[in-house]
Amino acid sequence: MSKKGDARIPVGILGATGVVGQRLVRLLEDHPWFRLATVTASDRSAGLPYAEAARWIQSGPIPEEAADLVVRPTEPMAGVPMVFSALDSSVAGPLEKGFAEAGILVVSNASNHRMGRQVPLLVPEVNPEHLDLVDGQEYPEGGGIITNPNCSTIGLSLVLGPLHAAFGVEAVQVVTMQALSGAGLPGHAALEMQDNVIPFIPGEEEKLEEETLKILGVRGEGGVTPAAFPVSAQCNRVPVSDGHTALVSLKFVEPVSPEEAAAHLASFQGLPQELGLPFAPRRPIHVLSDHRHPQPRLHRDLEEGMAVSVGRIRPCRINDLRMVILSHNTVRGAAGGALLCGELAVAEKKIPGVRPPVPTDDR
Amino acid sequence: MSKKGDARIPVGILGATGVVGQRLVRLLEDHPWFRLATVTASDRSAGLPYAEAARWIQSGPIPEEAADLVVRPTEPMAGVPMVFSALDSSVAGPLEKGFAEAGILVVSNASNHRMGRQVPLLVPEVNPEHLDLVDGQEYPEGGGIITNPNCSTIGLSLVLGPLHAAFGVEAVQVVTMQALSGAGLPGHAALEMQDNVIPFIPGEEEKLEEETLKILGVRGEGGVTPAAFPVSAQCNRVPVSDGHTALVSLKFVEPVSPEEAAAHLASFQGLPQELGLPFAPRRPIHVLSDHRHPQPRLHRDLEEGMAVSVGRIRPCRINDLRMVILSHNTVRGAAGGALLCGELAVAEKKIPGVRPPVPTDDR
Amino acid sequence: MSKKGDARIPVGILGATGVVGQRLVRLLEDHPWFRLATVTASDRSAGLPYAEAARWIQSGPIPEEAADLVVRPTEPMAGVPMVFSALDSSVAGPLEKGFAEAGILVVSNASNHRMGRQVPLLVPEVNPEHLDLVDGQEYPEGGGIITNPNCSTIGLSLVLGPLHAAFGVEAVQVVTMQALSGAGLPGHAALEMQDNVIPFIPGEEEKLEEETLKILGVRGEGGVTPAAFPVSAQCNRVPVSDGHTALVSLKFVEPVSPEEAAAHLASFQGLPQELGLPFAPRRPIHVLSDHRHPQPRLHRDLEEGMAVSVGRIRPCRINDLRMVILSHNTVRGAAGGALLCGELAVAEKKIPGVRPPVPTDDR
Amino acid sequence: MSKKGDARIPVGILGATGVVGQRLVRLLEDHPWFRLATVTASDRSAGLPYAEAARWIQSGPIPEEAADLVVRPTEPMAGVPMVFSALDSSVAGPLEKGFAEAGILVVSNASNHRMGRQVPLLVPEVNPEHLDLVDGQEYPEGGGIITNPNCSTIGLSLVLGPLHAAFGVEAVQVVTMQALSGAGLPGHAALEMQDNVIPFIPGEEEKLEEETLKILGVRGEGGVTPAAFPVSAQCNRVPVSDGHTALVSLKFVEPVSPEEAAAHLASFQGLPQELGLPFAPRRPIHVLSDHRHPQPRLHRDLEEGMAVSVGRIRPCRINDLRMVILSHNTVRGAAGGALLCGELAVAEKKIPGVRPPVPTDDR
């Protein structure tokens, strides 16, 4: 599909051999706006063809465009105005900064810069106006960092966003059952997870509790004022390949019935839908009526994994509503979410001289 | 191991071929007080040797005592003062009543009679005094019905019991991750559960929300006054063979720190421990300090599956405490729990003329 | 996608609510030649909309074309020249015969008629010439029965076919690790399969041992003379959702090296490829070089699940070669395989007056 | 259970923190002959209490005897006449030799020395006479190395042994489905194994093909003459925690019916049974008649995991017999098998001055 005369925007993937990096490679195949021009990884892999460097665990073969790319060390390169970072948080901080300083826009999945004062933490349907924070970053023209939230946070925030706007969230109790791919590779040992669940994921509860409030916060002078309600989280790992499930109980300022909430969520549309961004799902939130739904294996791939599904909306005996939220953690919750952020940045002209190569309603 | 001159109390199992029935068969092997004298099942199985009638799915072979017992239809029999019922709730109601009317004490795992006004719903460490309700039942001498709570409820109540007594529970948010054996046989299709979790178990949330309040309630004239706090539950099925995990957030009348709660739970002892009942765990509640614990595969078998384990006791951003509770759903949560109820009934002389054959501190 | 003026051939699915039936519904969505016109199921479901009758377990939503179809009882209907049968073998025999007698061409996944003297048992790349057997069937014009082999047999035969033609197979040792979906719904209980494998599948070994020989046999007067070599099979169920793996050891008449065999398989093309049938994979057999491949989760979906993958081709210490074969049991091994048989039948003009609505090289 | 005045033989475990090392710790709890006196691990762990050094993944708590032992570096120590080695084969070779040179008898699970000319490769029921090879080793008095075969090989050899003795094995086709614990920790990534099987285990097929022949070989001057029949193996990893399944097809010199083979296996007794060694199963081989058996979850724990179970003994269309063999890979196939070898060495007086502390028929 890659052609000579390709008018698409050349992009890079930082940390392209891990779980999220592989997913980015896969999703960029035939992307209408972006062309995968370069991949980076640790020094150990640098110099190898991508097909050799990656221990490919995606279903389906490595896209031909990517297979022969020679893996480069993770250093700024010319000719690539935007990179998607799937770097591990143990190294992402300074590396991503280096790219921004070199005048490249970094769309990052890593947690390092998420809570930075001038760093947008984006769920494009929920807080697209936060993108403008990037204008206040002190990087050379074209350079900057925008971030994709934690994989559990994205699904939760995408549902809380419209509810908060309409009814005012006052408290959020959330328990998650998270998929194995969320831990990356190697992640958990198979023997540990066999016939088992693990009721702890390091750092995850704090991310869910804090990132959610920044996303639902209000952009002002010099940063975001976070939303003021408490979020209490318990995160668990379960033996599922992909798909994070969140069990939530919500308290609102305005009384709201299950039916109202369901109708509001089902009809929700955001800026990405308006702009017709390539990776925008037609309906960001699918409300399911069967009591047994949503389920990871049945619903994680709705709208190519970019839609979130919600079920069992019902009264709670303590708060106002209970519901179940499912999202594809490596698509919507990571690689696909980052692509959508990148598309938004391009559509909103955050990269000087870079414009969508095709009309945005053409998906 | 069954010997001539066996002084043990002959008991029966109603519905002996299902998951809980099989577990009862296994646990009764070499029980110091009880001797398995008879097993019943549906008419389809009646007349067959138990080894043929049961599609045995327990690890290890069928106990020899049980293998050759001829399965009987589920009708009252002579010479058996007590039966353990693992009948399906679709048929248990009238069948169990028939046994009580025939002067037999029924210890039931079925849900049918649990909420009956004069029916004890017992977690022997928590509400042993409720056992006396049985005295008010209008069955012939020796006859009566006592019940074992739902498998999720038992683990939760065993932990809430001492906390409520000490600090006064005001609200309970609970999300469960429940094992496959809780659904009995055939239960879920393997294909449904493969690489999946299911966020719904029919009737389970209601049981958790209501039974807990009866167990923690106060016995008075003509029944139990249920505890008055709200319980909100979300129950999920996960691909684990045995072991229910409960993720809870608790609000108390009295402020309590994680350390206080942990110390209180770890030192808790109930009447079964005092009486030295054969199936009483030495410590009913094991408090674990590793953040990654409790886990079904590692901790479900603590004290032969009769102890509950609790971990991650910590502050909650909304209520007072969060914690994780694990219990073996077919041992403590069903078969073993029922045996303990039966032992308590014998120790408390609820069956005329029937006494423990050996001293109670001899386990 | 269904349009007025649709020139596609109307087809039906018999037994549309089961695992294979659901897969047929999914694969027929947007099929270039066939339009799903009717679905049948047991009387219990008849009269309901398909979306209600089917307990949908496919990933992704029910295709809109199918959701609103009213389920009919499994009886011949007018206006549908061809049906795909996913009926259970307990009822398929006479029901399928009824359709053939009504002048309808039945493409069946059921085992009942497979070994019939005049019944083609087809793997379209391997024995397309067997299709002509249908001409000898004594049904009214347009009526007939053609069959798709057992799900394990298809993958094995597709690989044995070209090897047998080139080198002459003399003996086949085969052990399978078969997916849960092969057992249909409900199939195995989740509790049985948890942390387990089961070394027995009723009737499966016989099918593998016998159907393979018919497929590789020679069509002659009055039927097929089966191939003459022995096949010895051991079939196992493993906890995998989709994808049957076969571990084979092969003895040949002509000595053949692993490299020769690999090259021969990798370049193999059959009549469906020549004809450009819509469901024909470009390369029916993918030869993989990584020792760890093929694996169900990574390779079952190659070419939309229609290609078979082969790995670890190496010398055997007893026979000539060992290798590992993987195929998607509900796509290539059932629903997709049946569609390919149906496409072949249409391309070969086995249905009077019915022709492909579009050129065959248009996929 | 450890008491002052304990007359048991002090033993050590080398590499005590891994999967097999942990299992050894667990099995040595309350061993009637051996007392766990010391544990070693890599330098990283040395100096820590065992309870801290081991990432304990066994069901049940760490035995108290072991929890407080301080982990030592893997160097010879005084006062311990015998050690069980669970060292990784990347380091085991010279380390084990060092212990032998220090006059300590090493019973090893590692593969390094297994094929050494003077090194016994023992399945105590099958080739106990090979133990005498150790007398020819050139280590100081008391020092020596005896080895436990590969985990898959043990189960296979224990069944082939009596069959070969009675009927003469001529060829062995074997396919395995091996448990996760066989890969140690961390072993496979959970994400790799989820909804998957992997048809390759590095080095495993060679071990199965070669070790089996040494075990069934004849001890002579200067070593063992291996058995002369071919073994062809295909090894697979499946998502099961413990329990290796082997699917075998066997050719014999003497014709043998399934019934004869079954009767012969079921009644088989070896020297460990005669001697009443503590870890000797009463019946080494359990022959099961249900077609669906053996299964890992149901049968791996037969006789505490020390017995092998065999099912589906039936004619093969190519060779003489097919059957299914199941063994617990970390008990019989590793830790328990090594203990039995150690017991045999003590009973056979291979350690000067060391004798069983209790009569051997006392289990």
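Should a chain be cited, it is by its letter among A, B, C and D, assigned in written order, with residues numbered from 1 in that chain.
Basically, a residue touches a chain if its C-beta (ideal position, glycine included) is under 8 Å from a C-beta of that chain, and two chains touch if they have at least 3 such contacts.
Just so it is clear, the structure is predicted and the values come from calculations on it, not from any experiment.
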{"item": "Type of subunit B:subunit C copy interface by residue overlap (half), same or different", "value": "same"}
{"item": "Chain pair with the higher count of C-beta pairs in contact (A-D, A-C)", "value": "A-D"}
{"item": "Whole-Å gap between the CA centroids of subunit A and subunit C", "value": "39"}
{"item": "Whole-Å separation of chain centres (CA-atom averages), subunit A against subunit D", "value": "48"}
{"item": "Multi-partner residues of subunit C (each touching 2 or more other chains)", "value": "57, 194-195, 239-241, 297-298"}
{"item": "Residue ranges of subunit B touching subunit D (in the complex, touch as defined)", "value": "56-61, 194-195, 241, 297-298, 300-302"}
{"item": "In the complex, subunit B residues that touch subunit A", "value": "171, 173, 175, 177, 194-200, 202, 209, 230-232, 234, 236, 238-241, 245, 247, 249, 291-298, 311-312, 316-319, 322, 324"}
{"item": "Of subunit D, residues touching subunit A in the complex", "value": "19, 57, 180-181, 183, 185-195, 239-241"}
